[in-house]
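Common to both upcoming complexes is subunit A, partnered first by subunit B, then by subunit C.
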Partner chain A sequence: NEKFAPELLESKPEIIECVVEQLDHMEANLKRAKKGDLKVSVHHMEIERIRYVLSSYLRCRLVKIEKFFPHVLEKEKSRAEGEPSILSPEEFAFAKEYMANTETYLKNAALKHMPPNLQKVSLLKSVPKPNLDSFVFLRVLERQENILVEPETDEQREYTIDLEEGSQHLIRYKTIAPLVASGAVQLI
Partner chain B sequence: AASSRSRSEAKSGRTDLIFLIRFRHCCLLRNQRCVVAYLYDRLLRIRALRWEYGSVLPSAIHFHMSAEEVEWFNRYKKSLATYMRSVGGEEGLDLTQDIKPPKSLYIEVRCLKDYGEFEIDDGTTVLLKKNSQHFLPRWKCEQLIRQGVLEHVLS
Partner chain C sequence: MEPAEAEFLAEKELVTIVPNFSLDRIHLIGGDLGPFNPGLPVEVPVWLAINLKQRQKCRLIPPEWMDVAKLEEIRDQERKEDTFTPMPSPYYMELTKLLLNYASDNIPKADEIRTLVKDTWDTRIAKLRLSADSFVKQQEAHAKLDNLTLMEINTIGTFLTQALDHMYKLRSNLQPSESARSQDF
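What follows is the complex of A and B.
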């Protein structure tokens, strides 16, 4: 889901912790095993594959954090008490450092040489926001009824659709964003 | 200074200058935007370098970077390292490895330059001389392939 969504999705620290623990466990097993055993190669391969998926997932998140950093930080700051976080504490620290680093750089490299009334630049306004209108492919996991779809052209009017379990659709991300968060659909 | 002078002139009632001032301010803002866009784009490329080349930049690239860019790069490196260390187990997870899905445990590589001795996990060392070919564990080679020392041979 993270790979295909245009915005940063909820952070899932429990899953990551679980995967990491499993990896450590498997590596420890491998060290104890006899060398030359065929199972060793197979397990080793599996470890590599799992590590790849984990790395790929975290990398994808980092890329999005860096790409949308002012908006990501703003969203996190204005988050309500009960709402789930989109950043893990470490990601939050990374995002803050990235922002401070970039602001300092721009100030020292250019802004401090400019006339006094031009020395500020709003990163929130300059850095592009994630495009929530982009189209995504999805597969329906849980049947949904009466999803409101906005009109594409001026002649159309808004209408509702039902999403059957197992069906696949191409739709604007904005329309189904809450369904991704709840796990009712899967992006493909 | 010039823009603040023209603003105080406007306050004194010279309404015919207001349009000029506004126009000039727009030009200044545009220039500011262009400068910031250029610098930011450079930053994005420098960031890509960290992911492609690793922590140490080739001196040719380093030469083209301003002092502030080098500072930004060092701080970014540190920030990234702290984050990677915090993920996964005791040593952390190096996210710059495993860029592509693994297809096999060992790969055939050819050496492009003289590198010298290279140690693999089970203690054996391999001498990497130009044009020598080896069958090595994939994860050990990844960095060297990216640096251009080794070349993956696809038969």
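What follows is the complex of A and C.
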């Protein structure tokens, strides 16, 4: 889901913590029990596979944070009390540092030398926003009814479709964004 | 998504092997793998099966759909229908490549199977190209694509989504609106 969604999705610290814990546990076991070459290598292979998926997920999130950093921080600042966070504490610290670094760099490289009334730049306006209208492929996990499909051209009219379980579709991200967040569909 | 990543996901599928060693039950993070006894078939994920085969510790048994008659039937069915027919496995392409590369000695008539799967793949990709073409021409907003496997979607996916995004940007720039973004400094 993270790979194909145009915006940064909710952070899932519980899942990540659980996976990291399992990996550490398994590695500790392997270090202790040095017998039985085959068992050890099978466990080791599985650890490598899981580690690959985990790091690819985290890398994907970091790429998106770097790409959209002012909007991500803005969203985090303005989110309501009960809503889930889209950044983990480490990611939040990273994003803030990245923003501070970029601002300092721009100031030192260019803005310092410009006339005083032009020395501010709004990063929120200059960095492009995530494109929520991009098309994505999805697979339906839970049946949904009456999803509105907006028209592309002026001649078309909007219509509704039902999403059957197990079917696959190609549609704009904006319409199905809440379904991704709730886990009713999976991006492929 | 890279083809290598689609292959990574395909490696999670289960396949039957006949080990030539014995090992009792192992408890992996993802689940348990049954006791291994020489000569008795057992199901394991493909990544493990390939590894064991390379170490000459087992013999692979091809999945039941990987058989000349069955594949011929599937290929003919695909050619007859206009829409996509269900494939025997959502990862048929990756599994064929992996199994035929590493275990072709365990699979009878490997070359014929390769040709049949390639024919089916070509037919499906041609259908996909046609339908993507008409999607873009008629500027549809939504498409239903059941029975398409991940590999096929990946082959055309990145190009299609980027092309559609570009077209959307061009179209929305034709109509000046108050939300048109322009940089003011």
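Everything that follows uses one rule, which is that the second predicted complex is superposed on the first by the 186 of 188 C-alpha atoms of A that agree within 3 Å, B and C clash if a C-alpha of one lies under 4 Å from a C-alpha of the other, contacts with A are read in each partner's own complex, and residues count from 1 in each chain.
Quick note on the criterion: a contact is a pair of C-beta atoms (placed from the backbone, for glycine too) under 8 Å apart; a residue touches a chain by one contact, two chains touch by 3 or more.
Source: prediction; values computed, not measured.
Chemist: Which partner does A:90 contact after superposing on A: first (subunit B), second (subunit C), both, neither?
Modeler: Once the two structures are laid over each other on A, A:90 reaches subunit B alone.
Chemist: Of the two partner chains, subunit B (first) and subunit C (second), which one does A:110 touch, if any: first, second, both, or neither?
Modeler: Touch status of A:110: first partner only.
Chemist: Give one of first, second, both or neither to describe whether A:45 is in contact with subunit B, with subunit C, with both, or with none.
Modeler: both
Chemist: For A:16, is the partner it touches subunit B (first), subunit C (second), both, or none of the two (neither)?
Modeler: First partner only, subunit B.
Chemist: Go through the superposed model and pick first if A:54 touches only subunit B, second if only subunit C, both, or neither.
Modeler: first
Chemist: Quick check for you: in the superposed arrangement, does A:118 touch first (subunit B), second (subunit C), both or neither?
Modeler: A:118 contacts both subunit B and subunit C.
Chemist: With the two complexes superposed on chain A, say which partner A:126 touches: subunit B (first), subunit C (second), both, or neither.
Modeler: both
Chemist: Can A:102 be said to touch subunit B (first), subunit C (second), both, or neither?
Modeler: Only subunit B; A:102 stays clear of subunit C.
Chemist: Examine A:181 and indicate which partner it touches, taking first as subunit B and second as subunit C; both and neither are also allowed.
Modeler: It touches nothing on subunit B or subunit C.
Chemist: Would you please give the residues of subunit A that touch subunit B in one complex and also touch subunit C in the other complex?
Modeler: Residues 23, 45, 49, 52, 56, 118, 121, 126 of subunit A touch both subunit B and subunit C.
Chemist: Which positions of subunit A touch subunit C when the two form their complex?
Modeler: Residues in contact with subunit C: 3-4, 22-23, 26, 36, 38-39, 42-43, 45-47, 49-50, 52, 56, 118, 121, 125-126, 131, 133-137, 149-153, 156, 161, 166-172, 188.
Chemist: Which residues of subunit C touch subunit A in their complex?
Modeler: Residues 1, 5, 8, 21, 23, 26, 28-30, 33, 47-48, 51, 57, 135, 139-146, 148, 150, 153, 157, 160-161, 164-165, 168, 171, 183-185.
Chemist: Along subunit B, where are the residues that touch subunit A in the complex?
Modeler: Per the touch definition, subunit B meets subunit A at residues 1-4, 28-29, 32-33, 35-36, 39-40, 43, 47, 66, 68-69, 71-72, 75-76, 79-80, 82-83, 86-89, 93, 95, 97-98, 100-102, 104-105, 122, 138-139.
Chemist: So in the complex, which bits of subunit A are touching subunit B?
Modeler: For subunit A paired with subunit B, touching residues are 16, 20, 23-24, 35, 41, 44-45, 48-49, 51-52, 54-56, 58-59, 62, 66, 90-91, 93-94, 97-98, 101-102, 104-106, 108-111, 114-118, 121, 126.
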